[in-house]
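In what comes next, chain A is part of two complexes: it sits with chain B in the first one and with chain C in the second one.
This part shows the complex of A and B:
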């Protein structure tokens, strides 16, 4: 008798969580559009490829920032490690399977980045937000300098040349129009997005949000805080590594620039622009950022940064919750916090 | 934009009536990819200004066809360079890609040039190996060893026996260090130490102190264009002249664009380079005057002249092919071309597609209250020593 109201509460909570995890039609429409856009706008295939890679990278940052509350300015380190791993593999295989196989490259890049993510997570998870910013930044700088110093392996400032990935799944060659590249990157983004979606709606993901809300209370109800944070940090590192691998394979080269600070900073900006902790924010933010860049810089090659900066400042100041927040407000689906 | 559509309409009208003329009526598009923003923005600005100047002076027609420039900003990031090159070739159907502010950027576009058979005119990047990356690459800037070896020769001739080098720790810096050290050793000199400062946020003081303690006859410096002012300020604080140490380097250190801001501390510094704004020739006088008139706040530097000559090369090649934009024919036309540039007589080596040019030894002097790299010795027709050595083997 006494457990009836409790049972009702539990059912309500389950129903709420299940409803959150359900696919909605705008999501399906978005992905359908993402794939269709390559066929509809074949001349923009290369830009779509770049957007997909950036979206995957931003998605990996949103996993730790939006769902676990870990701020990072050094996420580019994993992106770079992934890019070099895939690049070196493709180079070693000289364009022939098995070594140059793109899928193998993705897996290897993801695994390497995950290993480094796990190893560095012990450093990163000490201390508060400011310390985390500094530690992540430091780790990224170390990798950048390593890549510069070991120029025999990485090609140093000249970049890694001769990256020749084999055909995707042994079927599709990377063409100069970027069609294969775009389909490949959007597919990988879609698959990993679905995985991320399942993860954040799983009990694991919900425990992360509890930690983000209040780590002390989460610990009190029995959530193994440190282990969970390490797990999501490692996973996000793997995602970033795969994004880096996509870049290396689809552009057939790796330059030191993959480890530059601006990649980490841009990504943080994209996640904030799109909406933190929404997953879709990363995708929409990346698309908005790249398209704005492409549009404005075709008119003013020298001053586009000014206009882009202005738009971003206005968006961040007046549109709380980023683009996803704006959409939620416009459609009246704003969740009450 | 509306202007080009009109021409397009005109062209398509011709296409129906006079097929033979149709090809010549469509404009030739040149895709220019430059870092217009970011740390290398000054390179992009100089080259962009030079290209505009060239077209203002020589008109927008070459080989009977209208020339159209499509400028893109790659922000100095290699993967963006590659995408822009690809898009320019595939979407905009450009006949030539040009620009390329840094070595990795030039290399990123090389596979596109090869695959699409489109000439790639490198107007800035200076690592020796670039032209080997694709048979469609032609360079109008310089190679780092080309500019480095002459200053080593000059040093040897002027009684320098012991040297210390200090370069930025990245590809081109190491290129310069190697070229200089090898030449000094070959000439019987002694290299006391090879110092390398980090490229980012460099603090030169400890390196300079070490160089001073080693008491060399000369200290050789290389930093990329844009970092010279910072380095020279710290060099001035150490007063090398008092210790009898000659401070020498490549002209990248005393970049004309920044020289004026470096102050009197750089007076007397001897460098070698392919271009100085103070080069004495009627061609250069006209070039500098027109450039400064169009861009009052800017002094043309070696980047600008690379862009100007790149345009001269493309125009010249189109004249030779009579407007035919076939990539292989254009590159063939470019091979062996020679003309008088603002920097002096230059030519394209038909074997390596790299530039052959005079390298000048210059000293920083004050002329009419302004600092200039005044040339006092000329090494005529210098080829890239790295590729020359490879051929000799």
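This part shows the complex of A and C:
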């Protein structure tokens, strides 16, 4: 009796859930373009590298903001911790494996940021949104001042010099045109994006969306809300740490700037610009942000923030869901979830 | 001891106000019990205390033999104490199939799995569909919850709560606000719940109460005021007294007296 109405509904539901996580061709096209762009526009490799790093950082913020509803103004702390971890490792190894190995640097940066993320998650997850904003901001300020204070380790205001990562996978040397850097960063972004994509479509991911949607009900279903939020906060911290590590390795330096407040704020802006809770919003938002900066500042060096601000206001007020929301509307796709 | 859920001297204060006053209460396994009381009697506060949304000021709560008074809400839910809400608490941008699949995954202890997409466990999907069909939601499996008619949303409230096969289910005004034509469906769903599942219905609608309940507790100003079989409660002049002014209810007692 496989064609009873019940069985038909079961099959329909099964197919529906399967379709949610399916790769669609625009996604494949986007990633193909991301890799191809390095070959097509080698003179833009440094810009592509920057975009990839920014996108990864924004992606990590989208994981907590878009999927778990945790607002943060201090996400840059993890980015900075990752940058210093990778920078110090590369410096310690003096350009030779194993210590200067970039992959090791990424793992170490991710792990360090994750540990700090887990430790601070207990503070961050208390209280309401405003409390969260202030606590995350406060933690970021503390880390910034620590990096400034311990200048014998971090180089203080002069920055960390002599960051010399070894060849990527022992094969590819970082070149001055940034081609290796761009391939390296885009690849890391792609891999971590795929992982994030799996996670947001998993039972764990749907429980986060449920918590964001209605924490009261999630608890009544038996979801350990705090533990789940701590887990995603820790993961997002690791992602941000890896993004920071990419910046340290590909630019061969770390300055106090990695811990500046504007990084956290810019990233929040990028996620909103791209579309919160879409993953792709982080990537598209980062590209749009960087290209807008490049474009506008080629006309007016000083006032680019004016135009950025104007675009942001228009987008937030009149186009719900950022660039991804705009695309969904233009292609006539119902904005889902 | 045949009670699934018990309280001893349960108290809850909000500042100087006593919302729950020294309640010692027992819900037998497989019960069909109703908790009634005039507006502001503290019925929902009592449910919130039982389920861990609120912490008691003092007193104990026993569920399935364990003192759960200090347990967080999610642990009580996992132990088999489920509830529905007086005001819909749903995930508006989910679909019913996602909602049920999620609730079932959590009940099976698979909610933290991050390495596989949802819907790969055929058993979970099939069971979700079965429950939804049984509760009259089979035609809206893949519609957004926020777009469902109110009556369907009320049914989904119950579907979520029964997904984990709880030992006790607290139904907080399940038919509240449901248009007359759709009430009957909700009543039938409640009556069709497994006999071994203890049910406590918090309700204002006396027709529903007297049709459903085998026993009734009356809560007045946070304290247990009367307990007994429906016929006794209906005859009790003191109960009638506390409902004075709530004409609809009054009328119901008149009819039964």
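Everything below uses one rule, namely that the second predicted complex is superposed on the first by the 319 of 337 C-alpha atoms of A that agree within 3 Å, B and C clash if a C-alpha of one lies under 4 Å from a C-alpha of the other, contacts with A are read in each partner's own complex, and residues count from 1 in each chain.
Just so it is clear, a residue touches a chain if its C-beta (ideal position, glycine included) is under 8 Å from a C-beta of that chain, and two chains touch if they have at least 3 such contacts.
Every value quoted in this text rests on a predicted model; they were computed, and no experiment measured them.
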Touched partner set for A:329, first chain B, second chain C, both or neither: neither
First (chain B), second (chain C), both or neither touched by A:126: neither
Which of chain B and chain C A:320 touches, first, second, both or neither: neither
Touched partner set for A:157, first chain B, second chain C, both or neither: first
Partner chain in contact with A:24 - chain B first, chain C second, else both or neither: neither
In the superposition, chain B vs chain C on chain A residues touched: C
Touched partner set for A:225, first chain B, second chain C, both or neither: second
Contacts of A:176 with chain B and chain C, given as first, second, both or neither: first
Partner chain in contact with A:252 - chain B first, chain C second, else both or neither: first
Partner chain A, residues of chain C touching it in the complex: 51-53, 72-75, 77-78, 82-83, 85, 89-95, 97-98, 101-103, 105-107, 110-119, 122, 125-126, 128-130, 133, 138, 141-142, 144, 160-161, 164
Chain B residues touching chain A - in the complex, by the definition given at the top: 34, 36-37, 41, 44-45, 48, 71-73, 76-80, 82-83, 86-87, 89-91, 103-104, 107-108, 110-112, 115-116, 127, 129, 133, 169-172, 174, 198-199
In the complex with chain C, residue positions of chain A that touch it: 5-6, 9-10, 12-14, 16-18, 20-21, 198-199, 201-207, 209-210, 213-214, 216-225, 228, 231, 336-337
Sites on chain A touched by chain B in the complex: 43, 46-47, 49-50, 145, 148, 151, 156-159, 161, 176-178, 247, 251-253, 255-258, 260, 297-298, 301-302, 304-305
